[in-house]
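Below you'll find a set of structures to go through.
Shared between the two complexes below is subunit A, which pairs with subunit B and subunit C, respectively.
For the complex of A and B:
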């Protein structure tokens, strides 16, 4: 099966792309590129799902790929980019607890810990495919790296990006180890879209009455009433 | 020492010396294009070096022997290091030549003398340049070692010649480890050759200068030697990167046609990488000094990841 071997090679390269994107998400200060790197990461996940579908033939993987492309490559980045454009925040340079350099080092240590922890739980007899094990390690590290983004960033919009990349980790783990049912994947994605909608509220200000909030939406051009002209 | 190796030494050294000024000015040209200027010709650096070689050398009255010795130490270290990185054709390794650790320390030797000469003349700019250079070197050193350790770990050898003959002979064009190593080596290249997020090679008028600050007191043919050796360093790191990531055409047997084709291919690939470096420099602004470790941490992260991946799979 030379075909299988080449698909495995491609998947490994895609793994590396996912990790590079995660490292970039952890350390960048530029929100514009954060969004595009997030959608690149999701696209890579979709590509991995497709490659696995070609190798395995399980239809659920194809469905995951389609759902991922529709929601996480197109819809969510589009929403976030729109919010970002409206509230005119281009950079996030404040960090809690960990600065980007430390987070990179911490995530490296975390990967090692996860590697050792998983090697005790998952069966790693010489015959088992290393790809699954590798995928599991990267999936969990991606989740924890997303968590680090969530708590080390100060802006609401970047916190949400951290949450989103955390969910990518869950999907990744699910693809390699425990086959998530498609319905759960769907629910998670609907949650994510609602979360992104809520971000508008978080980003614009949750500490206000409804009228005041409406006014703020006007101020940031997030809401345009046709009748208002009168 | 075989005849092959003697030929290799001559060809490689000549090629490095001939290509170094070209790459320096080509990167300048790319940066000029991105800024909408025409920029100096790609042969400008040759003319500069030729002019400088004819000029007399002036020493500051405060300077000592270090100042007089440094340019020669630098060019010698760079030329010896150039033997370690085959550009066009990989012979059988002889003795310790090609050892990756010795290569790093040869580069460090040149850097050490350059920093000393910066202090030696007693100008405050030189001292500031040396101080910065040494701080950066101290921070980048562990990263460099990890990157090269990853390289050695992946290829299971410490010899650059053996590494290159493995990459030249391998059939799979891209592997995950090569991508990661490529990124790390690229960052090392940027830092070691004092390029934009770290230092600005364009000017010696800025207070933030590092490399230019150290060679501010050099003049005449000494300056030419210093510039040539930094050009050689750039060429060597470029060669290291492209012969790892894009090794096709790299010859392993000695034929005239083979060497000629490999040399031309090397120049073309170097032009490609030089273009990438130029674009990278144009798209970045200089980083604040204390933020540089985050750039190094990136290289550190990727090279450690390389080692982890090698252990995993």
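For the complex of A and C:
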């Protein structure tokens, strides 16, 4: 068996990477880097799953890691990159309700609230909180931070990214707390791919033919004719 | 035996309703007669079983249907329930007898079958409300009563005013159900059961809230001011027998609810009594003052109902105050007076509505200024109306006098109450109550005078003729009951086990009769027999015209002036003149507008507030995806916080 303590240390470092990625997604104004950060976050999740597999030996964790890498690190980012090539928006500077700084502050407070709320709900060993507990806290926080992205950004493309990172939170929570069955995880990922596919079709496929459709894309902030003056 | 009789009565009523629903496409008299006949038969059964229960004082509890262990449809009949069952049975039966003929004169074709069906359903619902053993079935049947009565009110839906009245009635009646429901659920939260049983804990805010909610719910249904506005709209809009049922019986079901919960569930505080007394007094005084102003005969009767229900509430409130002040005998007298007045009001108000229905049917108008001279043309109807008017004016020895006398005597003896503030309140209330009696007398003198006496003031009144027997038998029974209940009130109270709560009215009746006979004899033997034929001086007009008669408006004018502050009449008078000294009149407009005080200062502001609140809430639905996501976010965070700290 591998050394449990060192694996736990690695997982904790990966936690930090995930949080930093989430914070970047919430606060960045640069759309182009969003997708790479998202695939980095997904890759980190896959790494955590792998590490857990090494520690636990449950085959489902390995499967999750493979599925995650296939879908979230390769397929979805590929589609989104295609969209980004076509639409000429590189920045997202329009916000609803929360601007990036406030979002960061709110998400910090939120993490604290979740930490204390969960410490009252989940039975934890006295003394040091377990890995499971941190996993739950970060999973829920990730979910809520993704949600904050979906309602605080006006561009549809960023909303999609927010939704994707929300799903990462669900996966994260599932890995540590509830042990999501693989089939459900699979279905969620298919959902995500369809979502991204639809966005791609909307943005890339149909608009070339119909003028009116173009206008609708404008309305959903999926398409801009000219680059925003920042 | 009693449970079987009760269930038979229910089934007969239900059968009648279902029959006329099933045959609603056939516009035949037979269908309606069978449906109404079933109502009459059921009434006889109900009257028999309630009389038995009243006289023996036995209680009956029986479960009819129990789908779940904790939810049963069960009934409970004690003396209080039996009393109200008797009330429903008498009024329902008499109204059904009257209606057999009345509906045939009504327009609407086969829809009259629906009217019969909903009428049966309405009576059934009221019977079930009164005999409910649990609060949940009380609520259920309360709502059935509200719904079926709404269809009855909406019968002549093609008319604009009926639609307005119907909507108004519907909203008010649903508000009533809402408040009753709140009260019942508050009680459920407090006790954890739906049983109508005494509360063990007292004085918690939840119990007070439950009482207030129930009080408001029952007050809306009973037409207590300021929740009364539906009565003067709904009564003129619906057919007369329906008004008789609504006013005579349904208002009393609200009274039943109040009494049942006060006696069997709550341990009333003294301020509850003060609240009920104040509400009752306000209703009584304002109700009759507004009735005086009305010239629509059915609206006038509706306002008079508000007054009488006010009197019943006065009796209930007084009884609570007196029992809290440790005067149990007086409290009993007062409560008995209230109950007796509820029965009496049901009798004479149904009588008045039915006879005025006959009058409206004969003259095709509801405006009493267009009637007149009907005493010769409809002698029986006018006689019956006269009995009702005398009873409602509380003249001895009729039943209205008997019940008001009981409340008055409780008031007079309440000087024993120690608290000085309470004493003052009781005296004020007594004074206003006395005023009410006097004013109701004036109101019905005016009504009877303008409707039946003098010369006809319209061609329809001139051509009016007496109605058929069935339309006289129904009111006739009610009139007989009015007289008998008045004369034998002492005996009746003695029989049910409350001796000496009321003076012997029979004695007074005989005394009055003897005095009348003596007066007549004196005049007969000693007065001059000389006959002098001449015309009354008619201000120099040659022949006597209906237009020169003393009108109802004229009769109530002095009282209108006395109470002009309450009526809030606005007189507008604008004139222009040709010259500067304002001598030569050019043109001008004048108008007298009666303000609808409660509508303008209470109902409309509330309605506007509701609209405003709805608009502000609907602003949350702004069609923006981001906003909805924000709501989800806030909800999730709230759930997390709730789970962490409160669950």
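To be clear about the criterion, the second predicted complex is superposed on the first by the 195 of 230 C-alpha atoms of A that agree within 3 Å, B and C clash if a C-alpha of one lies under 4 Å from a C-alpha of the other, contacts with A are read in each partner's own complex, and residues count from 1 in each chain.
Following the convention adopted for this analysis, a residue touches a chain if its C-beta (ideal position, glycine included) is under 8 Å from a C-beta of that chain, and two chains touch if they have at least 3 such contacts.
Predicted model, so just to flag it, every value in this text is computed and none were measured.
J.: Where does A:78 make contact in the superposed view: on subunit B (first), on subunit C (second), on both, or on neither?
T.: Neither partner.
J.: Does the superposition put A:117 against subunit B (first), subunit C (second), both, or neither?
T.: second
J.: Residues of subunit A touched: more by subunit B or subunit C?
T.: Of the two chains, more subunit A residues are contacted by B.
J.: Who does A:152 touch here: subunit B (first), subunit C (second), both, or neither?
T.: The second partner, subunit C, only.
J.: Which partner chains sit in contact with A:97 here, subunit B, subunit C, both or neither? Use first/second/both/neither.
T.: Only subunit C is touched by A:97; subunit B is not.
J.: Taking the two structures together, which residues of subunit A meet both subunit B and subunit C?
T.: Dual-contact residues (subunit A): none.
J.: Considering only the defined contacts, which subunit A positions touch subunit B in the complex?
T.: Interface residues on the subunit A side: 9, 12-13, 15-16, 19-20, 23, 27, 99-101, 104-105, 107-108, 111-112, 115, 130, 133-134, 137.
J.: Looking at the complex, which residues from subunit C come into contact with subunit A?
T.: Of all residues in subunit C, those touching subunit A are 625-627, 629-630, 632-633, 636-637, 640-641, 643-645.
J.: Using the touch definition from the top, list the residues of subunit B that touch subunit A in their complex.
T.: So the residues of subunit B in touch with subunit A come to 172, 174-176, 179-180, 183, 293-294, 297-298, 300-302, 304-305, 308-309, 312-313.
J.: Using the touch definition from the top, list the residues of subunit A that touch subunit C in their complex.
T.: Those residues of subunit A that touch subunit C are 96-97, 110, 113-114, 116-118, 120-121, 140, 144, 147-148, 150-152, 154.
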